[in-house]
Amino acid sequence: MEGLVERYIVTLRCVDAPGVIHAMASALLRAQGNILEQAQFTDEATGKFSMRTRFESPLIELENVRSLLDTELSKFGPIISLRREAERRRALIMVSQQDHCLADLLYRHANGELPIDIPVIVSNHYDCQTLAHQYNIPFVHIPVTSTNKMDAERNVMSLIDEHSVDVVVLARYMQILSNDFCSAHEGRIINIHHSFLPGFKGARPYQQAYDRGVKLIGATAHFVTADLDEGPIIEQDVHRVQHNHSALDLAEIGRDVERRVLARAVRLYSEDRVLLDDQRTVIFA
Amino acid sequence: MEGLVERYIVTLRCVDAPGVIHAMASALLRAQGNILEQAQFTDEATGKFSMRTRFESPLIELENVRSLLDTELSKFGPIISLRREAERRRALIMVSQQDHCLADLLYRHANGELPIDIPVIVSNHYDCQTLAHQYNIPFVHIPVTSTNKMDAERNVMSLIDEHSVDVVVLARYMQILSNDFCSAHEGRIINIHHSFLPGFKGARPYQQAYDRGVKLIGATAHFVTADLDEGPIIEQDVHRVQHNHSALDLAEIGRDVERRVLARAVRLYSEDRVLLDDQRTVIFA
Amino acid sequence: MEGLVERYIVTLRCVDAPGVIHAMASALLRAQGNILEQAQFTDEATGKFSMRTRFESPLIELENVRSLLDTELSKFGPIISLRREAERRRALIMVSQQDHCLADLLYRHANGELPIDIPVIVSNHYDCQTLAHQYNIPFVHIPVTSTNKMDAERNVMSLIDEHSVDVVVLARYMQILSNDFCSAHEGRIINIHHSFLPGFKGARPYQQAYDRGVKLIGATAHFVTADLDEGPIIEQDVHRVQHNHSALDLAEIGRDVERRVLARAVRLYSEDRVLLDDQRTVIFA
Amino acid sequence: MEGLVERYIVTLRCVDAPGVIHAMASALLRAQGNILEQAQFTDEATGKFSMRTRFESPLIELENVRSLLDTELSKFGPIISLRREAERRRALIMVSQQDHCLADLLYRHANGELPIDIPVIVSNHYDCQTLAHQYNIPFVHIPVTSTNKMDAERNVMSLIDEHSVDVVVLARYMQILSNDFCSAHEGRIINIHHSFLPGFKGARPYQQAYDRGVKLIGATAHFVTADLDEGPIIEQDVHRVQHNHSALDLAEIGRDVERRVLARAVRLYSEDRVLLDDQRTVIFA
C-alpha cells in the first residue's frame, strides 16, 4: 500500500565511539526512514553517548525496523529502545490525599496535552476516587499500614504487570517506597518533590522555607532511586515569593509549581525525551 | 528659606500594637512631613511590626525630626533608624581573587545605580587591585594565613571604624569570618552564596550541581550570622541550564546570577529596604 | 460579647495630601481596629494616592465602621471601598469553547484558593456546560450572532444585577463586548489576553509568534476598557520556548501561561489588591 | 605527528531530504572525525534543514576537511560554513553614548566568557572611548550628521573589510542604518532592542511601559534586516517590575536585561549556534 508510513521513536545509549551517528543514519536509510527529529549528546565527563530519533518509515512492522537497527548498531553495544509513536507509554499514577498534581495531569490528559495512557490510579486513601471516576479512569485503593507495606507494594507490582505499565508517577504519594521496589523499577518511577533540590529535609518544608525567608519557592521532578534520597533530576522550576507570604501561602504557591513541573516531566517522558546517564538525565526537549 | 526641604528615610521595628502607624503619622504631621513612600508589615507568626517611611520635611535638622519621632513612638519600645537620604550608606567591600561581583558593583556604582559610598575595598589577594584603582577606590591588601586570622579581622574592624562603615559586602570573599566578627556586625554583613540555598554543601558546588543534573542554577544574597551557616535571605534568583552545560558552563552562568543577585541586595540595603525580623528579612521593595 | 471581632478590607483612592495616612489611622483607632495588613502608594507622576488596609475591629456593624471612615477621611474627597472580608467578591465568568482557564479557576475555587463566589457561568457555546455542572455552578447559554449582540449583552447585564456581580471574568470569551457594556463596567471586567502585551495583533497570535521565532510566550490579564484595545494591566507572565516548538506547541504553552496569569489576577482582585490609577493598576500583592 | 588534532565547527542549511545526516556522518568518518557536539532541526513548516556539528579531526588543513564535506554533501545544495574553532569570529561593536552593553561585553570578553575577537569599536560619540582604551581595543569615532550618513556607513564598511569582521554588534547604537547597509550584511548585524518584541514603538519606550503599567520589562536581541523593523529574534528575556517602579527605574532594569540578553546572543553567535531560517532563527544552544 503505497504511501503508508509508520512513525517511530528510537533512543540509544552507548559508550561514545566514532561512527555511531553514521551507523544510525545508515540503518534509517535502509529503512527508507525520514528523520523528523534527532538529538544526541556526548557526556565528555563520562564518555557516554545518548541519542533520540523520531522518524517515519514505510516499514510498518516494528520488528523489521528493530532488525535493521540491530544490524547496524550492535557493534557499539547499545541500549536501544524502539517503539511506534502511536503506541503510547503507559503510566500508573499513585497519589495520597492531595489532588492538585493528579487533577492537573488528568485535565491535560483529557485535553490531549499528555500523550500517555493511564490504565489505573492507585491511592492509599479514598480522597481522589471521585476525581479518577470523573475522568473514567479505574481507581484502586491500596491501604498502607505499618505492617502491610510489602503486601501493598506487591499489589502495585501486580497492577504494573497486569496493565503493562511503563512508568509509575508519584503525584504526591506520601509513602516511602522500599529499596527493593525502587531498584526493580529504576528509571521508571517519577516523583515530584516539594522543593527545589537540594532542599529542606524533613517535615513541613514550606514552614522551613518561611522560617528562612526564602525568596523563591521551587519544585523538582526526579527519578526515584533506591540508594539515594534524591535521584536524577528531570525538571525544576521556581516562583518568586515575598516576606508577606505566610507558610500557607508558600504551600499554595508550591502546589502550583509542583503540578506544572510534574506535568512537564511526564510530558517529556511520554515522548521518550528523558534518557538516564548515571546520576544525570539527558533531556532532549 | 521658604521651600527648602530635606528628604529622610526612617525604619522602625517593634512588637505590633494598635496605634503604631497612627503615632508615626502623627510625628510626621508635626514635622510637616510629606510621605513619599511607606510600607509596613506585621509578621503574624512572631508579632513583630516593621515599617519603612521615606518622606520630605522642612525640618532640616535631623535631630529635630528624631526628637518628634521619639516623642510619639517611644511608648512602643521601637528600634528606629533615621537618616537623611542624601547621607548615603557606606559599604566596605571584601573580595578574594574572582572579580565578577566586584566589577559589577563598581560599574553600577559609577553609573549611578547604587546609591552608596564605597570608602575602601579589602582583599586577601592582589588580583582586584587594578580594578579598584580604575574606579579610584582605595584598595587595602590584608593577607590571611592560618595564623593571622584574628589580626586580619582586627585590621578590617579598624577600617570599619575609620571609614564609618555601615555594611560589609562580601563580594566572593573566600575566607570564613570568625563568630566574634560576625556577632559584632550582625545584620551588617551581606554575603553572596554560590547556590540557591539550601544548597550543595562543601567544595566545588557547580561540580555537584552538574553531577546531580540540576536544571536551574541559583544564587543567594544573605546576611551573615555567627551561629548559622546561612543567615537571613535578602535576595535569590536562578537561571535555567541544560544537560549539555559542563560544570564550567554552570560556574560561568552561576557567576552571572551571583553578580546580579548581590547587586540587587546591595541596592535594597542602600535604600534601607531590608529589615531584619529574627531569622527572616522583610524586604520593602 | 467580648472578643467578637469582624475582619474588614478598605481601599481608598484620592489626590495625595499630607495627613491621609494619619486620618485613616485615626479612624481605625476610633474603631479599635487592629491593622493586619496595610499598603499605600503615591504615584508621583499623577499625584494620586492609593491605599489598602485589612483590619479587624470589635465593631461588627459595617455601617458603623463606614461612618468613622467618612468622618475622618471625607475632607480628602476619597473613593472608599469597604467590605467585610467574609463577604466575598462575586464573579460572573464568561467563556466560549476553550475551557483551560475556566477549568483552572473552578479547580482553584473548589480547592479554597480563590476566595470569591461564582454565582453563574455564561457562554455563547455549550462546550463548558458539563464542566460547570461538575462543580455545581449554574451555566447560562447566551448565544451571540451578528444580529443579537445587544440582546445578549442585556441578558448578561440582567444576570449581573440578579446575582449582585462585582466582576466579570472573561476566561477566553471570544466575543468583543460593546463600548457601552465596557463603559458601564469599567474596572469590573478582567480579560486574559493571549499575548505578552503589547503583542501580536489580529488572528492566530501563536502562528505570528512562531513566524517571528519568539523565545518567550506570554499572557496578560488586564481590565477591559471602552476606548482602548488594551486596558490597565493586572498581571503578566512568560514561558521560554525554542525554535523546535511548533505553532501548536506555542499555543499549548500559551494556554498554560494564560490560565495561571488569569488565576493570579482573579486572586488579586478577590482580595481587593488591585486598584485602578487611570491607565495603570496599583497592585498591593 | 601522531595525536595532533584540530577542532572544527561546521554548520549546514539545505532543503530537508533523506540522507543529509548520513552524508555528513560519512564525511566526518572519512575525516576520522570525532563528533563533540551535533544538533539538527527540520522546520516542518518550511522544509528547511539546519545542522551544527563540532568535531575534532587529525586533518589539520581546513581545505582538506572542506573538500570531504563538499564531496559528500554537494548533492543537497547546502550552504556550508566551516571554520577552525580556534579561529574566532570577529565582531565590530558599534555604540553611541550609553555604555552598559559595551561595558558588559568587554568585561565578559576580558574574562574569557566571549570567544570572539573585537578588532575595533566604532561610535558616533566619544563617551565610550575611555572604556574601550581600558580594555586596549581600538576606538574609532565616526560622527553621524543629517548629511554624512552614507559617508559614515562607507567608513564602517571599510573597517569591516580591513578587519575581516564577521558580525556587527549594535550595543545601543542609536542611529538607523540604511537599507543598503543592512542588506549588504544580512544575518551579520545583531541589535539589542529595548523591549520585549513586539513592543512599544517610538520614543521613550520605558515611559510607555510605565504608562501601561506593565509587570515585566524585556529586551530582545535580533538580526537587523532591511525590509523589516524587526528581524529574526535571537534571544529574549524579561524582569518582573511593580507599580512603584518609576519610568527611570524601568529604564535601569531594562538596561540590566538588555546587557545580558545581548551578551547571550553574542555568545551564541560566537560559537556558530545561531542559524538563519528565513524570518526565524534556529538556536542550537
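Labels A, B, C and D are assigned to the chains in the order they are written; within every chain, residues are numbered from 1.
The rule we apply is simple: contacts are C-beta pairs under 8 Å (C-beta built on N, C-alpha and C of every residue); 3 or more make two chains touch, one makes a residue touch a chain.
Predicted model only: the values in this text are computed from it and were never measured.
Enquirer: Looking at chain A with chain D, do both copies bring the same residues to the contact (over half shared) or different ones?
Expert: Both copies touch with mostly the same residues.
Enquirer: Taking each chain's centre as the mean of its C-alpha atoms, which one ends up farthest from the centre of chain D?
Expert: C
Enquirer: Between chain A and chain D, what is the separation of their C-alpha centroids in Å?
Expert: 36
Enquirer: Between chain C and chain D, tell me the centre distance in angstrom, where each centre is the average of that chain's C-alpha atoms.
Expert: The computed centroid separation for chain C versus chain D comes out at 42 Å.
Enquirer: Do you know which chain B residues sit against two or more other chains?
Expert: 37, 41, 44, 242, 244, 285 - these are the residues of chain B that touch more than one other chain.
Enquirer: Which stretch or stretches of chain D touch chain C in the complex?
Expert: 41, 43-45, 196-200, 210-216, 218, 230, 232-238, 242-244, 246-247, 277, 279-283, 285
Enquirer: Once bound in the complex, which stretches of chain A touch chain D?
Expert: Its residues touching chain D are 18-19, 21-22, 25-26, 28-29, 32-42, 44, 240.
Enquirer: Under the definition above, what is the set of chain A residues touching chain C in their complex?
Expert: Touching chain C from chain A are residues 37, 100, 103, 107, 111, 113, 134, 242, 244, 252, 256, 260, 285.
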